[in-house]
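Just so it is clear, A, B and C label the chains in written order, and each chain counts residues from 1 on its own.
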Amino acid sequence: MAYRVKLKNFEGPLDLLLFLIKKSEVDIYDIPMADITRQYLEYVEIMQLLDLEGASEFILLAATLIRIKAKMLLPRPEPEDDEDIVDPRLELVTRLLEYKRFKEVAFKLSDFEERRSLLYNRGYLEEIEPSEDEDIELGENVNLFTLISTFKQVLDRLPKVTYHEVEDVKITIEEQIDYVLDQLAEEKSVAFYNLMMKLNDRLHVVVTFLALLELVRRGTIIIRQSVPFGEIWIARKGD
Amino acid sequence: MIDFSKIKPAVEALIFASDSPITESRIHSVIEELSPSQVQRVIEELNQEYEQQNHAFRIQRIAGGFQFVTRPEYAHYIKKYYKGRSRGRLSKAALETLAIIAFKQPISRPEIDLIRGVNSDGVVRTLLERNLIQISGRAETVGHALLYTTTHEFLQHFGINDISELPKPKEIEELLGSAQEELPLELPESEEIDEKITEQMSILDGEEEPDDQEEQPESSGESDEKETE
Amino acid sequence: MIDFSKIKPAVEALIFASDSPITESRIHSVIEELSPSQVQRVIEELNQEYEQQNHAFRIQRIAGGFQFVTRPEYAHYIKKYYKGRSRGRLSKAALETLAIIAFKQPISRPEIDLIRGVNSDGVVRTLLERNLIQISGRAETVGHALLYTTTHEFLQHFGINDISELPKPKEIEELLGSAQEELPLELPESEEIDEKITEQMSILDGEEEPDDQEEQPESSGESDEKETE
């Protein structure tokens, strides 16, 4: 299947998710998690390939989707009275609906804006007499932001004192795929725990986890766990 | 009995000369013989005259007061005159953020981020710079984040009189209620969203963007588009 | 033959919406079917109409082109209107000084002078008179300069209850950061400013590099005395 993707049309992960739900013609109250998550991950991967800004926010929701998907796969305890079972998707759906509604309002606002842009105010007013003495009343045109901006302008005139260096964290699924494969180059199999322990932040853990899923999907690796709650082993397929 | 032949142009002069929308009560405070409710009537009469006399402007209620604006029929001339230096329309992200602030004000940035699912740092800054929102205190919750509300300029920008005239999201009350509540059975549909999504889908399918006039020409985006297998 | 019923309001709309007086040739460049000399005629006709219809405005020709003005008969209403409302124009110097006091309070005049790079004597006095700032004690450093803080009235204007609700340096940085892909704002932390001031003060005092970074800036006597006399 060939997509031509223009990712900048998505305002964020929720926007993308809504789009996928709409495109798949599924009920927002009954999202097929496996299917939608798979589609979502495909997009996130493209984002990573394109090295688009804000990818980490999309990855964050990916983790949520995977978590919900996993929860739904777990065998549910026998319901005592079936009212009390909370669908793992409920929180997500609530968020989606809320976002969807504001998106709807935003579209309507856009119409208002369009209509308003056709009406022009009077452009040139001469009648206002310039006041002679320095007017120092605080009016509507002076708000906190004006105050802050002014403060900034003043400080900018001061000689610069310090420089901060902020390092941009860039991390892609492909990179983490390479990382996993590197680990598997020497050893036949690697413990999941050891693989993750070597990473130094949460974002790396999340992206590496996605990389693992991707490798499973591609059939490059297999994941084994011999006893419940035992160590999870990752191995190359076919080895 | 009031001599309307003199009062009417006085009202006209005031609204014409004011640099911002002027309220009935401000007009009344200047032209005392006219009650605020009579102001309304005078303005209606004036607008009828402008229409009959085929003038290019009328008086409109915006942001809580009255102001002169041109008729939409003549927008293209003015647009042509201002070519290249008209005030930009707001981005989708800005509109989204404004919609959230408008309905949940006062609201902090972390709360906006949560609803949008993305960091709204840059958007909030732009909205502040354009004076569409303002800082209005701090949250009482942990962190004491700065709170934002919409401004007078916000009403001006969208040509509405009052915040209550904003398009309401369906069941906004429910949104504000607890998240654990039973979800409504029927999903409120919006044709506009459907349209917009269809539009996005056709973009995804590689079609041209529909009827996007001379707004920023779509960069046919080598950088944005990417074929996947 | 030109259809003047459409052209006339177009000219009217242009003059109305232009943000500066507009010339015949600019009008012609927008409404091409109208020659510059015909523009003149159209405007004469418009003015006749305004007069017959007893409107409060007319189009006036000044050096730079055409503009709308209200008739002198109604000037007193407009004067009354503008007199009755506070114009709210803070001078640049006043706003700067107020911003420094707001975010660095309590602060002495010598410190303000240092940050602004000019003498702020007059501005500080005016701000005091307008009850936007107040004296809140004396510095414990040599010179015991008067310290200024913002007033309750000042806070009220910005809709906040307490100075602690004012944005912190870090928040200011976030708010103003790299909005338009400018260089990121490097807002010196307050200690850094203090350091800088100490450093500059000692240079003013003709000393060498300051050996004690912690020390509060010393005020340079004379200029302070004036205020307290």
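Just so we're on the same page, a contact is a pair of C-beta atoms (placed from the backbone, for glycine too) under 8 Å apart; a residue touches a chain by one contact, two chains touch by 3 or more.
Bear in mind that the values here come from a model prediction, so they are computed numbers and not experimental data.
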Query raised in the report: Which chain's centre, taken as the mean of its Cα atoms, is farthest from the centre of subunit A?
Result: C
Query raised in the report: Looking at mean CA positions, which chain is nearest the middle of everything shown?
Result: B
Query raised in the report: Between which chains do we find the greatest number of C-beta pairs in contact?
Result: A-B
**Report entry** Cα-centroid distance, subunit B relative to subunit C, in whole angstrom
**Finding:** 25
Requested in this report: Round to the nearest whole Å and give the separation of the Cα centres of subunit A and subunit B.
Outcome: 28
Query raised in the report: Roughly how many whole angstrom separate the Cα centroids of subunit A and subunit C?
Result: 40
Report summary line: subunit C touches at least 2 other chains through residues 13, 16-18, 68, 70, 78, 158, 160, 167, 175-176
Query - Shared-contact residues (touching 2 or more other chains) in subunit A - result: 120-122, 127-128, 140, 143-145
Report summary line: Touching subunit A in the complex, subunit B uses residues 16-17, 19, 60, 67-72, 75, 78, 86, 89-90, 92-93, 95-96, 98-100, 102-103, 115-119, 128-129, 131, 134-136, 151-152, 157-160, 166-172, 175, 179-180, 183, 187-188, 190, 192-194, 196-197, 200-201, 203-206, 221, 223-229
Query raised in the report: In the complex formed with subunit A, which residues of subunit C make contact?
Result: 13, 16-21, 67-70, 75, 78-79, 82, 86-91, 94-96, 98-100, 102-103, 115-117, 126-127, 130, 132, 154, 157-158, 160, 166-167, 172, 175-176, 184-189, 192-193, 195-196
Query - Of all residues in subunit B, those that touch subunit C in their complex - result: 5, 8-10, 12-14, 16-18, 22, 26, 29-31, 49, 53-57, 68, 70-71, 73-74, 77-78, 80-81, 121-122, 124-126, 128-129, 135-138, 144, 146
Query - Contact footprint of subunit B on subunit A as seen in their complex - result: 2-9, 11-15, 18-19, 22-23, 27-29, 42, 46, 49-50, 54, 57, 61, 90-91, 93-95, 97-110, 112-122, 125, 127-128, 140, 143-145
Report summary line: The subunit A residues in contact with subunit C across the complex are 120-124, 126-129, 131, 134-164, 166
